[in-house]
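Next come two complexes, and both contain subunit A; in the first it sits with subunit B, in the second with subunit C.
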Partner chain A sequence: MTRPIVQVLLQASVTLLLTALATAQQEVTAYTNAHILPGGKPTISNATMVVSGGKILALGGADVKVPDGAKVIDCKGMTITPGLIDASFQSSNNQQDLNEQSEEVTPHLRILDNIDPEDPLFRRARNNGVTAVHIMPGTRNVIGGLGCVIKTYGSDPKSMVIKADASMRIVMGAEPSNGNRAIRGGRVNSMYYRRPTSRMGVIWSVRRAFYDAKEALTKTQGAPGDAPPSPGTQIMMQVLQGKLTAVTTARSEQDLRTALRIAEEFGYETVIDEAQDAYMVADELAKKNAVVMLGAPSAETISGSAAQDGSAPRSGTVAVLASKGIRFVITTGTNPSALPLIREAMFAHRFGLGPQLALDAITIEPAKLLGLDDRIGSLATGKDADFVIWSHNPLDPAAVAVSVHINGMSVSQPR
Partner chain B sequence: MNHSLLRIAIVCTTIAIPALGQDLVAIKAKTIHTITGPSIQDGVILLQNGRIKTIAKASDVEIPWSATVIDASDKIVMPTWVLAHSSGGMRGSNESMQNVPWLTVADAIDPASTYFEGMLRNGVGTVHVLPGNNTLLAGSGLVVRPFGRTVEDMTVAANTGMKMSLLARGGSRLQKIREMRRAIAEIREYLANFHREKAEFEKEQAAGAIPEDKKWEKEIDRKKQAAVDLIEKKLKGWLYVPSFAELDEALRMGKDLDLNFVLGANLDEAMPLLTKLKAAVVLDDALEYFETDPETRKEKQYCSAKMLADAGVPFALSLASSGPSSYPWWQFGTCVRNGISRQQALEALTMVPAKMLGLSDQIGSLEVGKLGNIQILTGDPLQATTWVDTVVLEGAVVYERSKDPRLKYLFEAAKKADEPKATSKKDEGK
Partner chain C sequence: MQILMKRRTTGALLFTALCTAHLCPTQLSAQDVLVQASKIVVAYGEGSTAATVLTDSALLLRDGKIAFVGADIPAEARRAARVVDYGKATISPGFVLAATTLGRDADLAEGALAFTPDLRAAEAFDPWQKELAQLATAGVTSFGLAPSPRNVAGGIGALAKAGKKQGRIETAEAFVGFSLTRAARSQERMPTSLMGALEMLRDSFKTARVGVQVGPDLAVLRQVMSGQRRALIHADTFAELNGALDLAKNFNFAPVIIGARDADKVMAKLAERGVGVVLAPLNPKARIADLELPKKLAKAGVPFCFAGRPDQLRFSAALAVRYGLDRNVANAALTRTPANLIGALTTVGSLRQGCGADFVVFEGDLLDLGSRHVATWVDGENLHGESPAGAKTSQTTNSAGGR
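Coming up: the complex of A and B.
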């Protein structure tokens, strides 16, 4: 008998809460006197940005009118940039959780099923100005599965998602085969009891998956009663049809060339992740219109020290790419000692990349790459109010994110 | 070979520094940061026989016609950085035996190591090379300049101290502390025995049991000499204290020995103890770390330099041999980001380490009479875009960026990549 009353009360309180949230979002806030780097465009000094309902209402010089009743925040001396986008972000899940070990080709697995909103790395990222991240499955599988783009704030993965199936990860090189050994009886209790065991085997696994998809594509008009293609093959078909971006992780010069070759063989757009040796194959990358995702420029050295998979990350790789007109983004990638994303851009800036290009490589460029530049990655009327207020020029090593906003809401913790 | 060098250095405890440059050198600067005094705009520094002769405004100095002029009139001029503690440039910096106080880094320093090249590229002019952190009583260090073909060429000062470490690799912290106590107790015991035997000898000689012309011939075991010097406070100890957990013991050891502390980053739990540190300390190259509250799961970021600054303890910074913290500007940036003043940050790689090494009358600032260890920078020393253009050590130019073969490709690419003209012409989006 009391149950209905409780229910009504509960419902009422939920409605109240929702209205409270909605009014908070409808509040109009104007950020004035700021130095704004809108992303993809030159700096606006003495700028005003008006935000309401989680979106940007207006942006421009001092001539932008502040609406009546708006809350005004004076940002004198401070710099506003779009919320940063990390196009290759690693959560703190352990390797076991990021890599499905029952098979080496798992295109249909979704990293979205593995996201923990309480992961401290999301908190660290957003405290350092990162408002959206692209997360992919780990690099132990040849084809790891589907990556997603999420905002770095939210109570459950669903509320964080911007794009659920944003990419499919392919891994070249020795990593998927490292340490693998054939199963000879007994229990399969280690991820190392599996194929492939060589670089050749890795590439063959990629090819076979694409062959299956090709075959399935020719059969789609086939006889009634044919079994539908497997979920994995369906994903591979989307890649072949240009509906889904394949991100290929390839580090060394050899693997980069292989990545280009396989992409050409099957006719999909080349996006290469962790492309440490990109400077060695810059001309080929330019010729193929490849997009390069470069992880952790801070780990690069002047003389190119030996790193994973026989690559030699060398300072100034992005400057080389920029000089050849190659599209690129800067990420934190798989390097466990990567610095916060803004500092990685700062290192690229040190090694020859102009300040605007350095910032574009962590804002508008990744947004374009992920097909989300209509919502995030730059500051313009109608876009999501994801932005960062920095103490001053964010490419200064002493700069700090004063406050970080997602959908207009302040989400950063004080230091 | 190196032993003879060391012995000479030990015999003459005063430091004789050979001058590299013999001529008159004049450096014209846009700004001179002297560190100890006010900065000078449009200044000139005159160097003679490797030392600073004059430092003043350009209008107040007449540059002698015979001087070699280095024109940095659009650049920033500063003293070179000083590293109070480093294990770089050695071939094998950790002896796996734990108690080896008789070793010396002079036998492991590789003058051709790219470490020294990198240090020079970053404007470092003085490096105190000490054994690594993995050995209990690890051996003696050497102060070197990162320039020269032999260890002797590079040496600035010897007899600068012994490396000790409380880092427990694979074992427990308590065990390491116990090992350290035992090692020091053994040396004390050895020394006590030595003196007792000598006293007995003298007593017996006085009593006539030993002929009068017989001399006491026993010497301190050479393998023990350095450790004996340490406990007699003739030699400084450089004690690596990995975290807050060993700080208490380190402070206790500091009462009996002449110790400099090299502190790991993780110090937040020992904050009240930090005020007990009386002398300057060296900080590990990692300055920031996260700590999670076990109950609330709230994460907090700490900065070791800030904690020491708050406790009023002067600190020297370290540089890693690779990665972001190998750059002085990044270390300074980390300090300033955490609320430390620019001046205090700059002093942490100049005056503070110079004092710790007992070389503050020679290096660490630009003052008349000090060594001409000078770096010329393209801009503000705290900016990421600043490069070291020229390094002068004791009056001689030892590094020029324009002639640095490893940087050549970098600047060629950078020139081409300059600003938006090169922006994605294939800007089709997706």
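Coming up: the complex of A and C.
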């Protein structure tokens, strides 16, 4: 008689314990009555989104059932979007560490080594609704190195990383040769007496690096006993094999054409970054199916060291790219006069881009470009719970991010 | 009287030297010294270990080392020794300055290359340099002569001491110095950036690990990976610290971090991986969060000490106590912990039998800045302050003369 009672008690306590553990790990929150712009799909009105364990459990209209015991947050009058993704984000203000300047071609160096989770620029981005960023090395090297995609919140770069080796940056134009000098007699007392000193020289460096990688590729296939290629060449080889995305930073018309030409010459695909003069080469971009990361479309001028590239930014570029069917994303990029990402999209909308396209260009499109659309950039069941609750439609100038969530957790500071 | 004593001592020493050299080479060494005080701290505790303190006791110094401590001193040796009595004062182990270039930065950074792990700091040591004189005045009895933080892999550091006339190297190869700080990222040679510096180290460690035949530079990295040599890495910002800790984890060694300004942000990793820290000297004008860093390190169980100018050590420890650090830990941070962090625990940092006869004498508590610093002894010699002759313990010997 006593045994069954003990058993029942034991079972009950085990069940209770398990339930307690499960709730601690999987607290369920439901956001109801919201206007949801899920990214890449039509708007859902009077929507409910259920979040648990850092993922989205369910998303839909008022018919979505709120699970028992869920914490309910009424978002009446507010708009929810996916967390914004800045596909070209400058992390720290410390220019010196953005490039390893002892060489012009450093494909294997990782900007991830430079990440400080407490960088105030992450906090600023977060408070403006940006939950993931693609960070690349700076623009002072011809081939700067490897970019990474990280979330904008965490205590350790490792926990923030979504994709460690996401891209390799190539830079066209005047910036990489800026500061290099030719030897014309006299004392040579600096390592900056070196090639390239001209735009032609920059392109020579790119060609040389790809040539070496191409040769190394044929060698490794031919003779297995050869010494392994240098770490930099190995990265270049991955680009040639289509395993790693090349991002070419080019602003003026001539640099844009060069970027496309070199890619064709060596047979790799490249994303075009910054691309202020893209409206002038729209047909070529369309023909090559190139993807464009447009830097700060709101800016009428370029300030900083990129100003000398001689590009002429136009507010109408976004509309031109859209009309030609060119895939593009909006970024803050290298222009110091860039606005917060959401404001860049707002200006793009103002200059003729449809609201859905404007928002997609900072959410689902960058996610696709970075190969991470299975996790971020849109709101759907099973995706990361990275989202922003806005006071108004985010493209409204009055909109502010009321709360920003990464992996379901609120990470924005109260205003 | 004192002049007379000095002369007599010199005479005795000369005599002893002659004996050693010519007359009786095996019999005699310099005369033993019996140092007495009402309180002798043999070693400060570290972590859960308590300090070892003797009351109304003595140390017997022989050949520059602690030959016997307290009750272990044989009666015969006690009778024969010259007595120095510090009365009511406290004798503590001398301070250890974990890492310094002692103002000789130019000689301790090979400017042409950033990767020079096999260079030896001991070979840039000038035993007559005037900076050595400041050490005893500040209570510092030994120091880690470290390569300058201007090189990513600077070289092998030494353990050195000041002396009555000239300094000397105690251990020529004590640790290896690395640096990821801004100082190491010159604009005129590789690397110019943190990512370049980290890649340089990762690549070198990788080659050292897999290479069949490695040169003398990579051989040093192998010694670091096998635990034969302690690695001291200069790192301040989060990214530098995180890079250093990841490097150490990947290549399986526990480093000591020098600087560690942002240690607070990587505290859990420091504690979990048994990493020690050499802090920059504390500045009373610093933010309170920085002044409380020693307390936080102690709470997390991370061993730490201070570096900087010799005269900043005691002040930094006192300031750390002012901002919440336990006194016992602060005392250890001046003596035992730095000795441990540079791998010299068996030779310096405490007054155990066999250690160097390096000690300081204070009237009152070491960490009370009002306490008078009475004397500093290094290798059994009084380099700073007073050396009061004590009452003879036996009538059969002469306090100043020979046996």
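What we mean here is this: the second predicted complex is superposed on the first by the 363 of 415 C-alpha atoms of A that agree within 3 Å, B and C clash if a C-alpha of one lies under 4 Å from a C-alpha of the other, contacts with A are read in each partner's own complex, and residues count from 1 in each chain.
In this section, contacts are C-beta pairs under 8 Å (C-beta built on N, C-alpha and C of every residue); 3 or more make two chains touch, one makes a residue touch a chain.
Every value quoted in this text rests on a predicted model; they were computed, and no experiment measured them.
Model built by superposing both complexes on subunit A: subunit B and subunit C fit together without a clash. Shared-chain residue A:P394: touches no atom of subunit B or subunit C. Among subunit B and subunit C, the chain that touches a larger number of residues in subunit A is B. In the superposed pair of complexes, A:A319 makes contact with subunit B only, with no contact to subunit C.
When the shared chain is aligned, subunit B comes close enough to touch A:T245, but subunit C does not. By the touch criterion stated above, A:Q96 is placed in contact with subunit C alone, subunit B being left untouched. When the two structures are aligned on the shared chain, A:F351 is found in touch with subunit B, with no touch to subunit C. In the superposition on chain A, A:S305 makes contact with subunit B only, not with subunit C. In the superposed pair of complexes, A:L109 makes contact with subunit C only, with no contact to subunit B. For the overlaid pair of complexes, the smallest distance between C-alpha atoms of subunit B and those of subunit C rounds to 6 Å.
Touched by subunit B in one complex and by subunit C in the other are residues 118 of subunit A.
For subunit A in complex with subunit B, the residues that touch the partner chain are 118, 120, 123-124, 245, 279, 289, 298-299, 301-303, 305, 315-316, 318-320, 322-323, 325, 327, 337, 339, 343, 346-347, 349-354, 356-357, 360, 365, 368-371, 373, 395-400, 415.
Listed in rising order, the residues of subunit B touching subunit A in the complex are 114, 118, 121, 290, 292, 297, 299, 301, 322-324, 329-330, 332-334, 336-337, 382-385, 406-407, 409-411, 413-420, 422-427, 429-430.
Those residues of subunit A lying in contact with subunit C across their complex are 96-103, 106, 108-111, 113-118, 137, 145, 155-157, 190-191, 231.
The part of subunit C that touches subunit A in the complex is made up of residues 185, 187-196, 198-199, 203, 237-239, 242-243, 265.
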